[in-house]
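Submitted below is the structure of interest, expressed as structure tokens.
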Amino acid sequence: MTDSGELPISLVMFSGTEDKLQAAAVLTAGAAALGRPVHIFLQYWALEAFRADRINGPFPLAPEAGELGADAVEKMRVAGQQSWAETLRQAKEIGEVDIQACSLSMDVLKIEEDDLDPLVDGVEGVTAFYINAGDGHIVFI
Amino acid sequence: MTDSGELPISLVMFSGTEDKLQAAAVLTAGAAALGRPVHIFLQYWALEAFRADRINGPFPLAPEAGELGADAVEKMRVAGQQSWAETLRQAKEIGEVDIQACSLSMDVLKIEEDDLDPLVDGVEGVTAFYINAGDGHIVFI
Amino acid sequence: MTDSGELPISLVMFSGTEDKLQAAAVLTAGAAALGRPVHIFLQYWALEAFRADRINGPFPLAPEAGELGADAVEKMRVAGQQSWAETLRQAKEIGEVDIQACSLSMDVLKIEEDDLDPLVDGVEGVTAFYINAGDGHIVFI
């Protein structure tokens, strides 16, 4: 086994629901804390969530959350739980986290680079994504 | 190519819909049958599904299932298809399958360790999850 | 780091929503363009989408798309955006793309091999899927 500590982890963020955005932010923060480079590739509804005028929410929950799940998540928010965007900002401060918008999703959703929050570092295509991912993990959320 | 047969497969189980729980159980059973260690990390709605008072279902289907899909899945259940929890129990008997609850999701959903079915082996944080995953596959469901 | 250019990428296609089918097709085309073999394993609602009488759509969107997202995707379709099935057909022409139906999902959904579009190359079980995946990436969509 080689030392995976140096391998990047690449996250395709696809979903724009509060629960999956939180999950992706936590997986990013954990990898950054371990010193692993993290590449994030934003597609579809996750890309929408990074629009400057959208990033502060609110975001929908997965339909399966149900009423009890929705209550639990809402209580955490009211109790001051850190937002996923803030978790990503902190992960960028402690580690090497690069966030790229998928050029094709930009076209589909008619989003311009100026529309995006400064958390987003740039725009790239899917082949660039694979090349940066190298031998590291690829996780689709 | 190294021999992936010895590498663990790590599943982040996030969703609590019947279809995805079944898919995760099948991926677990297949890996266990091949002699690969399986690490499962339970987040959000999948974690909810492992509550002792919830694990026997019923569970919702993904909204996209539609009426035909829902009928097909229901017919399998009535015909005696093994539940995903039972598939996981058997996978634990034939192989090395470790099931950990995500500590952060426990907090968000206000779940205590005593609330969980005995299938769950413990609670861990995301960095422990990455360390156990090592160079093996990571799959988010 | 070994040269990941020769490692296969294995996609478990689970979802049958237009957005995720498109995402999977783009990830396939990108990998094929880089010369990487792609193994696709069709489960549940993605398998349904490959039925010969279903593959030309229409397909639902993820509920989180909302009205604005749905409008954007519909405008692309009207403007002549290539369908995900056509993108997969082209990826098969330029690269090594193998599409297998999950035998268990065939049973659950009562689908016969003759029901499937010719894009599908065959039917296999989950252990065959893992063996073909080898050390390459596994991505669940």
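In order of appearance the chains are A, B and C, and numbering begins at 1 in each one.
In this text, a residue touches a chain if its C-beta (ideal position, glycine included) is under 8 Å from a C-beta of that chain, and two chains touch if they have at least 3 such contacts.
If you're wondering where the values come from, they're calculated on a predicted model, not measured in any experiment.
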Inset, instruction - Just say which it is for the chain contacts: an open line, a closed ring, a star, complete, or other. - result: complete
Legend entry - Same-site or different-site touching of subunit A by its copy subunit C, using the half cut: different
Legend entry - Centre distance in Å when subunit A and subunit C are each reduced to the mean of their C-alpha atoms: 23
Legend entry - Per-residue multi-chain contacts in subunit C, two or more chains: 7, 62-63, 137, 139-140
Legend entry - Footprint of subunit B on subunit C - complex, ascending: 7, 12, 14-17, 43-45, 48, 60, 62-63, 102, 104, 107-110, 125-127, 129-131, 133-135, 137-140
Legend entry - subunit B partner contacts - residues on subunit A that touch it in the complex: 1-2, 4, 7, 9, 19-20, 22-23, 26-27, 29-31, 33-34, 36, 62-66, 69, 72-73, 76, 81, 137, 139-141
